[in-house]
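Heads up, the next two complexes both have chain A, just with different partners, chain B and then chain C.
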Partner chain A sequence: MVTVKKQSSLTALKRQEKRLGYVFASPWLIGLFVFGAFPMLASFYLSFTTYNMVGVPRFIGLTNYRILLFNDNLFWPSLWNTLYHVMLSVPLGLVVGIALALLLNTKIRGMGFYRTLFYLPNVVSVVALSLLWLWLFQPSFGIINQVLDPVYRLLNMEPLGWYRDARLSKLTLILMGLWTAGGSMIIYLAQMQDIPFELYEAASIDGANALQKTTRITLPLMTPSIFFNFIMGIIGGFQVFTIAYIMTGGGPSRSTYYFAYYLFDKMIHDNNMGSASAMAWILLLITLVLTMLALSLNRFVFYLGEQK
Partner chain B sequence: MVSDTERPLKQEHTELPKLTMKQRRLIKNSILHLVLVSLSALFMFPFFWMLTTALKTPAELLRGTEVLLPATPQWQNFRIAVTQVPFILYLSNSLLLVSLSIAGTLFSTTLSAYAFAKLSWPGRDTFFIVMLATMMIPIQVILIPSYILYAQIGWLGTRLPLIVPFFFGGGSAFYIFLLRQFFKGIPRELTESAIMDGAGHFRIFWNIMLPLTKPALITITLFTFMFVWNDYFGPLIYLSNPDHWTLALGLRAFQNQYSGRFDLMMAAAILVMLPTLVIFFLAQRQFIEGITFTGIKG
Partner chain C sequence: MKKTWIVSLLLLMTLSLSACGWFGDDDETPDGRIEITFWHMSPVGSDAYPGTRRIIRAFNESQDKYFVRGTGLNFWDYWDRIGVAIAANNAPDIGFHTLDNVILRAQNDALYNLSALIEADLDAGRPTIEIEAFLENQLEFATYEGHLYALPFTATTRVLYYNLDAFAEVGLTEDDVPTTWSELYDVAKQLDKVSGSTIERIGFDPTYGQGTYHGYLWQNGLDFFDEDLEVTLDTQAHVDVLEWMINFNTGAGGFTRNQLNTFGEGNQMLGLNPFAAGRVGMIIETDGLYQTMKIHGSDINFGVAPIPVPDEDGIRINWGSGFSIEMYNNKDAERLEATWAFMKYLMDYDTQMELAEVNGWLMAHYPAMETFVQGNPILEALLEEVQFAVDKVYVPYAPNWHANDWQRYYDDALSERRTPAEVIAMARANYLQKQENFEAAN
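This part shows the complex of A and B:
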């Protein structure tokens, strides 16, 4: 009798747990459908329509995509600007982040202090950060050109125009992005410190020098976090917007008019929701393909404790 | 470094004067410190230049590096930054958004993380993968229909689009993931014995789980604070009414109003970023642990 009763109360508990699972998850579940899945499907549908916030969306098939790809004089330039940004900022960010982490991964006093300093730029509001670099790179009075002045004289050249020069503007925004490389450094550093000390000891006994230990032990064992930052860098890089919006307004000559900027203009200024949705889906597709490509590099990623 | 003592043969070939291990380490550490100090100086210089710029006169600005420090610090630049724009209004708007977003995030993330960690229900594992996948989706894909939706239900021009989604786990997949790991780390026996004592899941959640995961809750609070305080894109799109503007939007407006007056702009920018710097310094450990978690367990 007793066991039967216990059994039934247990199944009752199980059944209750199922129900409670949904109850507890309901805020997120509702959010997933209302603020996630529904908008996503809706934007997919909208990308095949023409809609300017008045009336109802009118289905026009692939027209938005066709116009964007073949008949739009800003689509390809904005995509190219974004690709340029991603292709340079992601690898440079990786290198600087890893280099900083390698420097700090020594049993040196004050490591925590340096770590805090290098991370600090990451907590600055992106508007404040943009204004700051606008001033530092300011071509006539900015400190960077002032410091470089002897070099300009030596080479007998005009001072660089940085964000005012269409050839340099993208690069300027990439360079200033390196100031926040300390964000990924924290992740690398944490992973480096998880590497068992015995590995280094064993390498020392075998006569490995510091460089060999770095390239044969530290870097391979860091690949999971390098990989993580690589993918996140690509996803984030394709959404670059605010720094250009604040610093250059997309110029000069649209040289910093990025994909997300064009999408923003289409949406907010032109109310061209169909075309903007098509751009959003193209962005999703590009991000997805690049992420998949990056994931195929996964086999070069070395997970400690997984090797057989 | 250890190897040198074990290979005496090789050392004889080197022409450097023989150094003891201790001396070698001293030299190595000094070089490293020198590199680190110069790099830190390089990284900190923008902050320094920002502060000195904020305290200079416009005439001193034009003289660039000739004037490293202002002759007399122009503290009134900060007063101008606060009084020439409705700074207090922007500040209270920012604080309002920040506190409501934190409340919403804590509400939705703790509940759903509990469901993912401690309850078994059909579809849980699938939904968990879906949740992780949402981190990969560019915001633009859901932005446009959401914008249209808000327009149709009359939320454009209000703060609601920037608050309500937080109560439904909006943008907090990572936090749910973090909390789930914390909840999972709490021994099963603890919850089971509570159930034996007749406690329901809500009691367990409220009286056992939440108090035991305070560090994670603090981390989530801090990250949400940073995100909402610094967010520019969301407010730019939804806060069309200047009475609702946040500090980030106010700073941008200030830039347009005082373009070229970098002394004033830097003063305003310092005021906007000061709270984030202070909070970061006070709670670095939580931040560093939280970021570390993203990269390693994520």
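This part shows the complex of A and C:
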């Protein structure tokens, strides 16, 4: 009897905790449904309609999708620009982030200052950063071309046009994006702190050098955070918009006209909410598929303490 | 202690949330009057805010039936906010928009029919808005199926600004201000100033400021679209105009593309209007440049004139692009009555004069502006050009035809990545595709 009473009392307590949990989580849950789920469902419906944002949406079936996929001269170029951005910015971002973390994981004086310094661009607004880089990459007067001037002279070549050159513009924006690699660096650093010192000690006894310790211990044990940043990089990469909007306006020759930029224009400038919604769902689908493919790489991730 | 913390936190949250929802710039209470909302572009802290607030208050104090609550939004925020508000059926009772696309909102029942309100006033013998005070070329854009659905609020115009100091430097006077394209070229070349291979000043460049391709087409009797909104961007004359724009300063114009690019980048780095910075001798700009130079105390001695026209059969015309004032259909008879009363107040002679003073805009009420500009030769010249200002047509399948849609092709021609003939053909194909897609979806 006593046992039963205890169990019942425990269940009541659990129920109360559960209720309280929901109460505390309710602001987030309300936010999720009102500002997340509802707009998503609304945009799914709108993707099957023609809607100019003034009148009433009218159902037109799959027309928006058909037009985008088969009769829109900017859909595929904008998708290609975005894929290009993802394919280059994600691996480059990983490499730079890891390299920074390895550099900033050493024990030298003022390390806290350096770590803060490299993380700092992440707390600056993207707009401000874009404007800053606009000046730095400015082809005629920018400091980057000024610094490279001796190289140009040596090679007898014209200064690079950076974001003004359709062949280099995407790459320029990717290079600019690396400025914020400090964000992933912090995650790598945190993971590095978790690697047991004994492993390095044992490796030292076995005669491993610094490179071997890095490639055989540090990097394998960092794979969970590398994997995390890889996934987040893919998702974030497909949403690239602000830097192109501020720095290049999608040009030159639409070379930096990314998918999200085109979606924005469809809605704001063409008053075509139906088509913009269809683009949003296509983007979600592409991101989802690529993320699922990326998740299949999970088997190469090594979790410390995991039994395999 | 715990309770104090919780109460303090709740209070803080409540205040924060209240602050989020409140954008009004007048804290008076309507004391039982019919309250309406008016969105304008003079946010708290802007130069025009005190004047706008004074104008709204004067209306509120002039009668005891209606109360207008003004909300000032930054120009750059305004368009997104009003667009979303209209889409969400949550528009203010009265606000500004762009005159060129009134038709979109009128045909979707988002606006009140002003012609009906004017007629009702006339039938009842009440004072109403004097439509004759507004220019026909502006009213046309506020009309849908023979009825007015908005009124022109401001009267933007584009003119040629010329730097008289630069003129004097090369021995020219105001009598030499060009009136045709060939005169423009001759004067511009005299004003060019080069040091070594570096351009110090360009006399004129058709692509600078508010020099637009469609504006130059109009001067030639050409356009992007015909009256049925079919694409007409397909003749050699279209190509010729674009070539004239692009080659004005290259080749025989005396400069290389590289020199021009470097000069253009220098202008961008300065962050100033190149005319205000003394880097171009003549430029096409809106009346807004006059206001900017006045506010910043520019010491450049300048004048304004009609944009020079093509030598043969050139048409005196410029791109208008003014604001409209619109009454949003909130389906509330009482608020409609209050809004109409406020609309009549805003659009009368005295208020239009005051609005011009407060905002530095040329307003749409022509007789009021005739008085307002008296004694100021620049404003007088600007107002004269308002009569030749025409807005761009609203094309449902390409609402942004003049900017976003055209810009990428224009950029390609400007940077010589493609020839003018190529970009014209590509732009035409793009408009046709947009039309086809629009028709398929609507």
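The rule we apply is simple: the second predicted complex is superposed on the first by the 282 of 308 C-alpha atoms of A that agree within 3 Å, B and C clash if a C-alpha of one lies under 4 Å from a C-alpha of the other, contacts with A are read in each partner's own complex, and residues count from 1 in each chain.
Everything below uses one rule, namely that a residue touches a chain if its C-beta (ideal position, glycine included) is under 8 Å from a C-beta of that chain, and two chains touch if they have at least 3 such contacts.
Owing to the predicted nature of the structure, the values given are computational and were not obtained by experimental measurement.
Chemist: Quick check on the superposition: with chain A as the shared anchor, is it clash or fit for chain B versus chain C?
Modeler: On the shared chain A, the partners clash.
Chemist: Is A:V127 touching the first partner chain B, the second partner chain C, both, or neither of them?
Modeler: A:V127 sits against chain B, while chain C stays out of touch.
Chemist: Which of the two partners, first being chain B and second being chain C, lies in contact with A:V54: first, second, both, or neither?
Modeler: Only chain C is touched by A:V54; chain B is not.
Chemist: After lining up the shared chain so the two structures overlap, which partner does A:N71 touch, if you call chain B first and chain C second: first, second, both or neither?
Modeler: second
Chemist: Applying the document's definition of touch, where does A:F141 land relative to chain B and chain C: first, second, both, or neither?
Modeler: Both partners, chain B and chain C.
Chemist: In the superposed model, only one of 62-70, 116-124, 152-160 or 224-232 in chain B has C-alpha atoms clashing with chain C. Which one?
Modeler: Clashing stretch of chain B against chain C: 152-160.
Chemist: Would you tell me the residues on chain A in contact with chain B in one complex that are also in contact with chain C in the other?
Modeler: 53, 135, 138, 141, 268, 273
Chemist: Could you pull out which chain A residues touch chain C in their complex?
Modeler: It comes out as residues 50, 52-56, 58, 60, 63-64, 67, 71-73, 135, 138-141, 164, 166, 249-254, 257, 265, 268-271, 273-275.
Chemist: Applying the document's contact rule, which stretches of chain B touch chain A when the two form their complex?
Modeler: So the residues of chain B in touch with chain A come to 1-3, 6-7, 29, 32-33, 35-36, 39-40, 43-44, 46-47, 49-50, 53, 61-62, 64-65, 107-109, 111-112, 114-116, 119-122, 124, 127, 130-131, 134, 136-149, 151, 165, 167-170, 176, 195, 201, 205, 226, 229-230, 232-233, 236-237, 247-248, 251-252, 255, 262, 265-266, 269-270, 272-273, 276-277, 279-281, 284, 287-288, 291-292, 294-296, 298.
Chemist: Tell me, which parts of chain A touch chain B in their complex?
Modeler: 13-14, 17-32, 34-36, 38-40, 42-43, 46, 51, 53, 100, 103-104, 106, 108, 110, 114-121, 123-128, 131-136, 138, 141-143, 146-147, 179, 182-184, 186-188, 190-191, 194, 201, 204-205, 207-210, 224-225, 228-229, 235, 238-239, 241-242, 245-246, 260, 263, 267-268, 273, 276-277, 279-281, 283-284, 287-288, 291
Chemist: Report the residues of chain C in contact with chain A in the complex, numbered from low to high.
Modeler: Interface residues on chain C, with respect to chain A: 80, 83, 86-87, 104-105, 107-110, 261-262, 265-266, 269, 396, 398-400, 403-404, 407-408, 411-412, 415, 417, 429-430, 433, 436-437, 440-442.
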